[in-house]
Structure formats: C-alpha cells, structure tokens
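In the two assemblies presented below, chain A is common to both, partnered first by chain B and then by chain C.
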Partner chain A sequence: MRRYYLSKLCQALVTISLVVLVVFALLRFMPTTGYFSKEEYREMDEVARNAYLRSLGVLDPTLVQLKNFLAKLFRGDLGRSMTLYPKSRIQDILRDKIKYSVMFNAFSWVVSAVIGMPLGIAMAKNKGGFVDSAGTAYVVAVRSIPSIIIHFFVQVYLSKWLGLPMLFKMNQPASWILPTISLSLGSIAGYAIWLRRYIVDEENKDYIKFARVKGFSQNYIMVRHVFRNAIVPIAINFPSDLLMLISGSLVIEGLYSIPGMGGILIKSIQAMDNNLVQILVLLFSTLSVFGVFLGDIFVSFVDPRIKLQDKED
Partner chain B sequence: MESHDVASYQDLPDDLFTRAEFREELVEDTGFSNYSYWQSTIRTFFKSTVVKVTVALVLVLVTFTFAFPYISNADPYKVSLSSKEWNLPPSREHPFGTDGVGRDIWARVWYGTRTSFLLALVVAVLEVGIGVIVGAVWGYYRKLDTLMFGIYNTITNIPSTIYLVIIAYIMKPSIVTIIIALVSSGWISEARWFRNKILALREADYNVASTCLKTPVNRIVSRNIVPHIMSLIIMDAALTIPSSIGSEVFLSFIGLGIPAEMVTLGNLVNQGRSAFLVYPFQMIFPTAILCVITVSFYIIGNKFADASDPRNHV
Partner chain C sequence: MKRKLASLMVTILLLSVVLSGCGGKTPAGPEVSYWDEYKSTFSSGITTLNPFTLPGTSYYTFIANIIDGLVETDVYARFVPALAERWETNEDTTVWTFYLRKGQYWVDSTGNKTQWEITAQDFVDSLKYVADPANGAKNVSTILGVVKGLRAYYDDLADIDEGIDIGKTRDEVVAAFEETVGVKALNDYTLQYTLSGPTPYFLSYATLELFLPIEKEFMEQVGEDFGTNKESLLYCGGYYISHWERDKQIIMTKNEHYWDKDKITLKSLNFEAVADGISSVELFQRGQIATTSLTSEELASIKSTEWEDYVYLSDKTLTTYWFTFNFKSKNPEFQTAIQNLNFRKAIYAAIDRVTLSAIWEPENPEFFCRYTLLPEGCMFDENGRDYTDYPGLIEYKNGNPFQPEKAREYMETAIAELCDAEGNIKGVVPGTKVDMLPIEEFTVDGKLPIDILYTSGSSETEMKKALLVKEMLTTYLGEENVNVILGFSRNSFTNEVWALGNWDLVDDSYGFRFGDPSANLNRITTDGSLNDSQYEVPEFDALVEKANRIYTINERYAAFAEAEKWMLDNAMIIPYMTGGGSYRMTRVVPYTTPQGYFGMAGYKFKGAKIQDKPVTKEQHAQLKAEYEEALRALSGN
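Our next item is the complex of A and B:
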C-alpha cells in the first residue's frame, strides 16, 4: 500500500514542479506593461520605467526570478497585484474572493449529486423509454452546445419566468438560485450519463446474472454490486471536486457578476496583470494536481481491487 | 444426454427430409463470409433516422456555407453610415436583420460559420493526426511510457480552460493562437487513447506472427494497425468539432478570442449577446446555426462510434 501512495505522491510533485516551471517560463514572454498601473506608465519615461522594472527584479534572468518567486512563495508572500488592484497584496485580494466561489460550488455540488445520480439510475431502469430519451436529449444538449450559450439563456429566460434577480447580491438569497442551477447543469449530465451507461453495461455481466440466480432482489444487486462499482470513478473525482470549489467558474461568475475566483482570472487577464494571472494559474493548476492525488488516495479506500493489486506486486 | 439426442434423431421419420440438389457454385460458399467491416459499419450507421437527418442537415449546411460567397454578393463587413440601416429586424433584404452598425447578419452568419468550420476542421485534423502518430509510436515503444505518462499527467491534470486561457493570454489573439491552444492541450489525450488501442492491436496474434516473420515495424503499423483504427479516427475527429467551436465561443467571451473585426460564430454570438435584451434576433440566428452544427457533429460522432463497433453489426 505504501508503495502505491509514494508513487502517486512523487507523480503529483513532479507534475506540480513541471507546471510551475512551464507557467513561469511562459509568463516571462509577456509584455512588461503588465507591471505598471496606468498612471505610472504614463508618468514615467523610458529610463524611469527600466529602473522601475529592474527594482522589481523583472529584468533578471528567468532562473533568478524563479528562485526569488519561490523563496517569496515559501514565506507566504504571493506578491502584489499591479494593474487590477494597484499595489494591494494578492493574498488579501484572494481571501475576499474565495468564500463566494466555495459557497456556490458547494451548493451546485449537492444539487448535481442529488439530481444527477437518481436521474442516471432512472434512465437505466427505463432504458428505451421516455425518461431515458428525455435524459439523453438533455445530456446531448448540455454536452454539445457551448456552455456560455446555455448559461446565458438560463440567466435571461429563467430570471424572467421565475421572477428571480439576474445579478448576484450577497444579501439576497433569491439571487443565489440561478447561478447554482447554471453551475449544476453540466455535472448533472455527467453523473446521469455515467451511471446510466455503467448500469446498462453491468446488467449483462456474469457476476450480476449469478447474483440474480442466487435469488437476490433487484434492489440488493443494485445497491451492493452495481452501485458500489459505479461509484469508484465518482469517488476518484470527489477530492478534486472539493478542492476545485475554490476555483469557481469563469463563465458563470462573469455572467452573474459574482465577485469570486473565476471572475477575477478573467478580469486580471483583461487588465494584463501579470503577477495576478501567474498566481491564479499556478493556484488552479496546483489545486487540480493535488485533487487528482487525493482522489487516488481516497479511491484506495473505496476500491478493494487496488489493495489486492498492490499485494500481488 | 448425447445418446438420448442420437436416439431421437434416428426415430424421426424419413419423409420429413428431402435431399438437397447438388450445386457446384455453392461448394466453396460455406468457407467464405461476405462480411465487410466498412459496409456493415455504414449500414448500421445509416439505419437510424436521427443519423440520416443530421447527416443531411450537416451536408446542406456545409455546402451552403462554402458556396455562399459565390452565390451571394452580400458583404459581411460593410458598415452603414446612416442610422436607418442600424439594428433592422429581419426582412427580405436582410433575412437575419442588421447589427448595431448596419452590417448584414445573414452574410455575417455564413462567413462566420465558414471561419469556425475551418478552424474546427484544422484543429480536428491536427489533433487527431498528431494523436494517431504519437500514439502509434508510443504504443510500439514501451520505453516511452515514463516520458509520455509524465507529459500526459502534466497536461491533463490542469483544467483545459486554464490551459486555453494562459496560451491565449501569452500569444497575440488570432486564429493561429486558438489552433495552437486547442491542439496543444488536446493531442495528448488523443495520443493516449490511440496508444491503448494500438497496444491491444500489437499484441494480437496475427501481428505477433508478422513480427516473428521479420516484417518491418513501419509496415506492420501502416498495413496492420492504421486500417483498424480508421473508424476511431473518424469518430474522434467528428467529436472534436463541437468542442473546438465551443472553445472558440468561450475564448471570445472572456476577451481572448479571435479579434472582433473578424467574423466567427464566437464573435457573432458574443456581439449579439450584448444587444440581446433589445434586439434578440441578433443573437438568436447565429446561436441557432451554431447549435445545429455542434449538436449534429456530436450526434454523428457518437452514433458512428456505436456503428463502428463490430458487436453492433447484425
């Protein structure tokens, strides 16, 4: 077992260091205007700009910059935003934003599991019937139409029909409903189609037929055999879902003007705020790598096959 | 059990049986099956009505889109200076109306569809092409596993949107940037998928036999393996089209897409979106065409995947 954990941990660490290296190196190609606020850029002349950039350490060789960046990172200093929130510390900016993204993602996570899983099971039971066709049509639509279009129409039409506010306000819980629905649409489809396909495939397997021959009830077989196996890949994604709660959704936070983490990435890109973009991209990537790692660990508790395989080695 | 069967057979009266006529041409027939993989795949594929309709729809759309510049002289870039021409509702002259500066949306939609189609096509060809080649090499040389799985983990562990965003941020916004961003994040999953398929094929007995007979590797790959994965190639190419078009819309939404002067479906949808509450038609028409394309290709890709599976051939 220990070997499995160790290899997964190494894998995660190697991936994270590669990501940091690549992202950091790529961002060195960005124009240096992203290190000035608008007023500063206008006021300074070429010499002053160069001196300023040198004082920031931006003109150093890439490796030296990387060393300084990492050293600061380990001291818990994420650097400062330059253009979007001139001169404020990035950790302070992010602290405000995280709670909104966590809140919405937690809501939508519950909603999509509660709706998606029963939908998938219902579709499998009703194979070829109305529920199945309707569910399939829903999945095809959600998966093939670009999400922005769906989110936009949800925002415009559902807010009109249900009389809900179109933009997010923290002190008005009714305005939380539409973003939650939008966030859940995709993962409902994901859960539903996965469970349906899995249950349908599994129905014809020998061990299920054998269980039926033994006289177990359909429900017992479903819960103890089919569902237990189907849940494994969902369990793999469980920790990364939890960690990705922080990252928020780029599109939905933009549409509903939720002051969360996804929205800030878009804004920092539009403002060409190099430092902020760098931290956000690294943060999101590290979180997702870490999430995959935790998923591998978590699944070793859920899936007995991993333990068996490890013993064989 | 067996003795019982034999006994019952002998008990049957002879007049139930008639002697078959001897026919020379049928002598060889038993050993030969006229099963053809491609024929069966295509027959199974076109059996469903949904497929017939979507394929017809896509053919009509593609033909019309690419013929449009030759059959109509409507200019998608022509700006009108008089405000009477702005934001016109659909009419005979402008079937989809005009936008905020008097440009004809009908022409813009078809030019935009053409750009988006070409973009999606290039991405599909590059992504699947690179995926097949790398996957073939990877499947053949197991030594590459450590390196390739490293690359695979690095790329797939990062959400693809983040990846798209950072590449589009670093490079200048243009069609080439979007192509590079999409292909560079997508090729590795394709390569992995083809690697698994090719690995399974490589271990097949007839290929082991070929290797024993000293058939060169490139010949085994080109003759024994690539033809077997043709259907997978088609299916994957069809499925990347909706996702490429979707990514283009996404990038233009966050302001990292193709420059707004160029007509693409993503730009049209986003320009229409800002005017949606006042002039809904400016967004509805481009969106409808876009959805028809993405949904059709998604259905075609999935149905083709089902049809190309020999287990579904009757």
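Our next item is the complex of A and C:
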C-alpha cells in the first residue's frame, strides 16, 4: 500500500521535473529578436539591444538561469514576469487571475454535475424513449456545432431575451449567469452521455440480470450495483477536475471579459515571457500529474473491485 | 407636504426655463447634454504603467493623463506650459532652461497630496533612470544623441554590464551622472538641459515620456514594483489611478491638487476590457462608451441605418509607407538593374498608389496617399508654411507620380542601357543560382525579363498588396521586361528577410518621432539605421549634413527639402501612403482636447466635452471648418 503510493509519487515527481526542464531548455532556444518589434529592432543598435536583453536576464547562460530559477522557487519566490506584465510579481498575477477562473469553473462544475448526471441516469432508464432521444439530440447538437457559435448565441441572444448583462462584472451577480451557462453546456453533455453509456453497459451484465431475477427492486439494483460501478470511469477524473479549476477557458473568458487564467499560457509564450511560462508550466503540469495520481487513489475508495490494501495490513 | 413639493418643482421648472432663456441663442433642436465621465474599452490588458518602459504608444492615453511633463500642447497643437511655467533657450538652442511651477506635489492613488514636492531634481532623476540600461527603457535610443553626454553614459554602463573593463566601476559612472550628462537642477525650480547640438525643436522631445519626472525617494521605496499596480506609482497629472484591476478595468479620477484642475472637465476616465470589436460597437450603440472604431465588416453592417450618419474617418497619421530596393541583392539580375536610375524611375512611375491605398480605404483612397517621405501638417516655419510646401517637395506632394506611359519609356531606356541587342543583361552570369531561402530559391538566366523578388508579410492585406504590385509592374513595365516573384515570410520578417537580405523589393512603414525633418532623413543616409537597402548616396549625405548645421528654421527646412527631393528624384525610396484612416464613431466633441503629433501631446483629455448624442458627419465637418479657420487666423495667413 505505502509502496504503491510512494512509487506513484516518484513517477509523478520525475514527470514534472522532466516537463519543467524540457520547457526551460526549449524557451532558451527561441531567437531573442522576438523581444523587439520591427521598428525597435532597427532603431536600437547592437549595444542597446544587448543591454535590453540583459535587463530582461535572458543573456545569462541557461544553467545560471536554471539555478536562479530553482533557488528562487525553493525560497517561495515565483519571480517577476518579464514581458507580458513587465516586472509584476508572478504570484500577484496568479492570485488576481486564479480567483475568477476557480469561481466560474466551480459554478459550472456544480451546474453540470447537478444537471448532467440526472440527465444521464434518466436517459439510461428511459432508453429509446423520449427523454433519451431529446437528451441525445442535445448532446449531438452541443458536440457538433462549433462551440464559438454556441457561445456567441448565448452571449448575444440570451442576454437580450433574459435581459442579462453581456459583460462580466464582479459586483453584479446577474452577470455571472451567462458565462456559467456557456461553460456548462459542454460538460453537461459530457456527463450525460458518458453516464448513460456506462449505465447501459452495466445493466446488460449478467450479475445485474441475476440480481433482477433474484427479485431485488429496480431502485435497489440501480443505486447499489449499477450506479456505483458506472460512476467509476467518471469519478476517476474528479480530483483532476478539482485541481484544474484554476485553468480558465480562453474563449469564454475572452467573450465575457473575465480577467481569469484563460489564454495566459498562450499569451506568455507569444510574449516570450520565460519566467511566466516556466511557472505556468510547472503549475499546470504539477496539477495535472497530481490530478491523475489522486484520481487513482480516489477510485480505490469508490470502486468496490479495487483494493490497494494487502490483506494483512 | 405634497403641495409644497409640487410648488417647489414648479418654481425650479420656471427658474430653469428663465435661466436657459438667458443663454441667448437657443436653437430649436433638442438640448445637448454632456457626460461627466469618459468611458471606453481596451482590448489587450494594461500590463504596466511604468512610464519609461511602456509596451506601446497606446499607453500614452493613460500616462499623459496621470503624469504631467514640462510642456504640453493646446487645442491648436502649440506648445504651452505644463509643469514648467516658462522656458528659455540660448542663441544656438543648445541650452534649454525650464522654470518649474512652485508648490506642486505628487499625489498618491487615493488622491491625497504626498510630502514630496515636484522639483527640478525629479527630472534629473528620471533621466538618470532611463539612461541606465539595466532599467530596460527601450525608447531611450530616441534621445541618446540629443542630451549631451547621455550616449557616452549609457554606453559606459552597457559596457560594464557586458563585462568590458573601461577603467571605471559602475558606481563611479553612476555617481558622475550629473557632471557628465547635460541635465542639471540649478535650484529646486530651475532645470537646465544641455544638448549635444543646436536643437530648435527640443520641445517636441520634451513631450516624450522619457522626460517625465519621478520621485526618487518613492522609487526607492517601491523598488522593482514601480508601475505594476496603482499603489506603486505617484501622480501629478490631471488624474490619478483610483482603480486598477488587472486585465479588466482601470479608472482614473480627477486630481483635485492639479495645477490646472479647472480645465479638467471630466470627473473620471473609465476603461474596461472588451474582448472583440463587435461588443465595442454594440456598447457604443447602447450608449455605454464614448468612442469606437469600426472594421469594414461592421461598417457594412450599419450602412443605411441611422448610425451611418455618425461614422467618420480618423485623420491620417505621421507614419509613411514606402517601398525600398535592395541595392546589394543576392539576385544578380536585380542587383545590376537597380543601380540604373531609369530602371528605378520606371518602377517609381509604375506603382499605382491610389489603388494600393484603396485596399484600406476604398471610399477615399487619394486622401491617404503620400508622395513625400516626410509627413505634411506637422512642421511649420515661422510663417506657418508647411515643410512639405517648400520648393522641390511641393511638386511631389501635389502630383501623382503614377504615370504608366512614362514608366514604359523609362523602362525602354533602362533596357537599352542595361542589355545588349539579344536581351542579355550585361555583367550577369547566366545560370547563377539565387539562394534566398527560406523565402525563395531560383536560377537567373541573365536575360530579360529581369527577375524581381518582392518579399512581403503573410497577412491578408499584405498578400493582396503583393499581388497588386506584381500586377502593376508586369502590366506597366511589360511582361517581357520584368518578372516579379512573390515571396512571403512565414514567422518572423526580421529573421527571415531583414537579417538574411532575402528581398529585392519590400514595403515598409516608419513613424516620425519629433518635429524636425532630421527625424527620418538622418535615418536614411548611407549609414542611417533605416538603410536596409544598403545604398550609397554621398550626395544625399552631404545635403543632410549641410542641413543639420543650419539653425534658422526656414533655411533649415529649405535645405532638408532639397535633400529629400534628391532622394525622390533619384527614386531611391518610393513613398506611397500614410498611416491612419480608420472608421470611427464618437461622442467626444472634436477639437476640444489638446492636439499634437509628437510624444504624448495628443493624448490628454483636458477640456474634453462628451455629448450624449454621437457626433454627426455634419457637426464634424462644421467643427473642422471652424477649427481650420481658427488655425489660419492664428498663423496669420
């Protein structure tokens, strides 16, 4: 048991260090001309360009930069952004932004679980019936229409019909509704269709048929056997969903002007903001690796078939 | 109670009728009501407000309103006092002395006066800050050559940081700043700049962000955080930042301690992030913001609605677009041909500028064509005469150089000079391989047609332009004479094209930084920083050199005009278009705010009036006519 956790933990740490090191090295291969606009590049002479690069700290040898980065990191200092938010403390940037993404992702998570799971169960119970067809139609529509179009309709038309504000404002809770709807549409469909599928799979298994023959009530079978087994493939993602609450949606945050984490990684790569990219990569890779790790552990509690403990433990 | 209230209201109503009657001429139309707040949007976040390391000129909108410089401009773009009450300069304009307003204090992000007074030392400290390469003020290159000793100071520090031993330590160099660099606080309220050479146009530099003051003690307190949030800045402009939420909103509130606070008409300036342009037009129509720009699609969508009447075209900018040739091209056919004056003139006459300008502005393309290298409407001599109206240039300014018949004639002459009877280009070895990878690779045959590689960026409009230029050259010069090869850079134009010289013909654009022809003419000399063409033009160099040493404005302009004319006569560079010209709608009454072309001059909201109803075309035209009338009256013509 302990050995299992330890080996998983080591794997996780190795993965994270490799990702961070590779990204760190790759960033240093980018040509430094990217730090200047076309006119700046020509207006500044060699001396001025070098001086500017030095002030950014990109002229130091890669190993020195790595050493500085790690030393700071262990002191709990995330450093300062270079070009995307010049000189701002990265911890301030993240603190400002993470709260918005977490807020909306949490809303959407709750909304989609509360609507999506019952929908999936209802579809499975009612296989081939009206609810099932309607649900399938919804899922197909959400999955096949490009999401940007759906978001656009939600923003423009729903805001008109319901009289809701188009742009997000923190002190105006009515403006939180549309972004939450936009964020939830897709994941409701996800929860519904997967849960339906797992339940249907499970219901066709022999032990369920046997239970039915034994005369257990349908509800007892559903709760006691079917749901508990069907939820496993979904439950394995819970921990990583929880951790990844901090990653924002590029499109939706942009549309509603939510100053969250959406697109910050892309923007920082475009701005060649090495410091910020490193921290973000470290953060996201740690969270996703640990998400998987925690998922494994979490499942061992949910899934009746998995026991990590040895008998004598 | 009710009755009392009613009678009170009646009284107020009557009073207001009487009072508005006193206004004299009351037009029949509806009352114009004004906003007391400017509301606008920004699309990309405000990332830093350190005035010396601004990522772009769009940030001037913020900085110009929160920190005052020595001088500012009025609605007629004339320099007027700001933090400096008055100024004077010596005979040859090498020494400029500014006398500061007394009793001006820095204000913090709550709008309260701090203990720090704005003194001459604040300006010395700020120059010291930007002159230190470690602080990463990119724009400092613009002024390194202007203030005496600044370049040497900067280079010394850069060398030391590079690890080169110059016999002095960093601390020694920094300590000697005030002796070596030409800026001095004679006393608390007297500031003196000593310049590298006579600079009659120094005031247009003084509006740059690089000459803004800073409070050293405060800087030391906040350290590296300077300018990263509202608390880590001090303010001395018409507004201070009262709210700054990263990537979301920024609110500037009127500074009650501002020296000119009576002219601050708006109580706050409010900027909010909006992701795409659609919502900004939508917000404008809903009356939530004061101005918006329109893309051509948005313009089409409001055509023949009531909103059409509010659309106007923003003014052209000082930026000039031009074509340049590669005189040291790796392509031997072009390299040989381009040395020939008639060949250059042929290309010069074959480019239809109006058609190119129509890519951006189909309705009124002529308006955005520019046939001189330097912009019009920003440099005037004592008599109010525009630099581009000087003899030699005015002919270029007013005549359309696109002349297809002439182009053909020049081409014939050029071919007669360049080729032998069989159409072999003299001096070109047939079968030479031209390696311009990653752009293009081809083999030249040493015969007509002459191969020309036109390298362009890969945006949609740039590609459109490239196709048009190809069409023009082949049509007007003859398919049998020129063969235009189009090449497109994939990622970085700098890396793939400029650095490797992978081009024969290229399109480029340049801004214009300060109010003197030398701003750009000095940069296109043989050794100039914009001479990517690698031409050698000793005649032009000599003309510029001569002009640089003349300090009476009209003689100076005449001399520069002569130099510029030489460049155009010899078709070394082909100017064709101005920057600017986007469609906009606005509620800000035109010409109520300070105008200006250089530095932060045109960005202040001082005196702004924002009317509830958008400005119509008619109102715009009327105000423009009145404004131009007033300008003419001022210049005495």
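Just so we're on the same page, the second predicted complex is superposed on the first by the 264 of 313 C-alpha atoms of A that agree within 3 Å, B and C clash if a C-alpha of one lies under 4 Å from a C-alpha of the other, contacts with A are read in each partner's own complex, and residues count from 1 in each chain.
In this section, a contact is a pair of C-beta atoms (placed from the backbone, for glycine too) under 8 Å apart; a residue touches a chain by one contact, two chains touch by 3 or more.
Since the structure is predicted, the reported quantities are computational estimates derived from the model, not experimental observations.
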{"item": "Touching partner for A:V292 - first (chain B), second (chain C), both, neither", "value": "first"}
{"item": "Contacts of A:L18 with chain B and chain C, given as first, second, both or neither", "value": "first"}
{"item": "Contacts of A:V277 with chain B and chain C, given as first, second, both or neither", "value": "first"}
{"item": "First (chain B), second (chain C), both or neither touched by A:A48", "value": "second"}
{"item": "First (chain B), second (chain C), both or neither touched by A:R197", "value": "neither"}
{"item": "Which superposed partner A:I145 touches (first chain B, second chain C, both, neither)", "value": "first"}
{"item": "First (chain B), second (chain C), both or neither touched by A:R212", "value": "neither"}
{"item": "Which of chain B and chain C A:L265 touches, first, second, both or neither", "value": "first"}
{"item": "First (chain B), second (chain C), both or neither touched by A:L56", "value": "second"}
{"item": "Shared chain A surface residues [contacts with chain B and with chain C]", "value": "254"}
{"item": "Of all residues in chain C, those that touch chain A in their complex", "value": "45, 47-48, 50, 53, 55, 133-136, 138, 140-142, 144, 154-155, 157-159, 161-162, 224-229, 245-248, 272-276, 279, 282, 492-495, 498-499, 510-511, 529-530, 532"}
{"item": "Contact set on chain A toward chain B in their complex", "value": "11, 14-15, 18-19, 22-23, 26-27, 29-30, 140-141, 143-149, 152, 156, 244, 247, 250-251, 254, 265-266, 269-270, 277, 281, 284-285, 288-289, 292"}
{"item": "Touching residues on chain B, where the partner in the complex is chain A", "value": "150, 153-154, 157-159, 161-162, 165-166, 169-170, 242, 245-246, 249-250, 253-256, 269, 273, 276-277, 287, 290-291, 294-295, 297-299"}
{"item": "Chain C contact footprint on chain A (complex, rising order)", "value": "31, 33-34, 36, 38-45, 47-48, 50-52, 54-56, 80, 83-89, 92-93, 96-97, 166-167, 254-257, 259"}
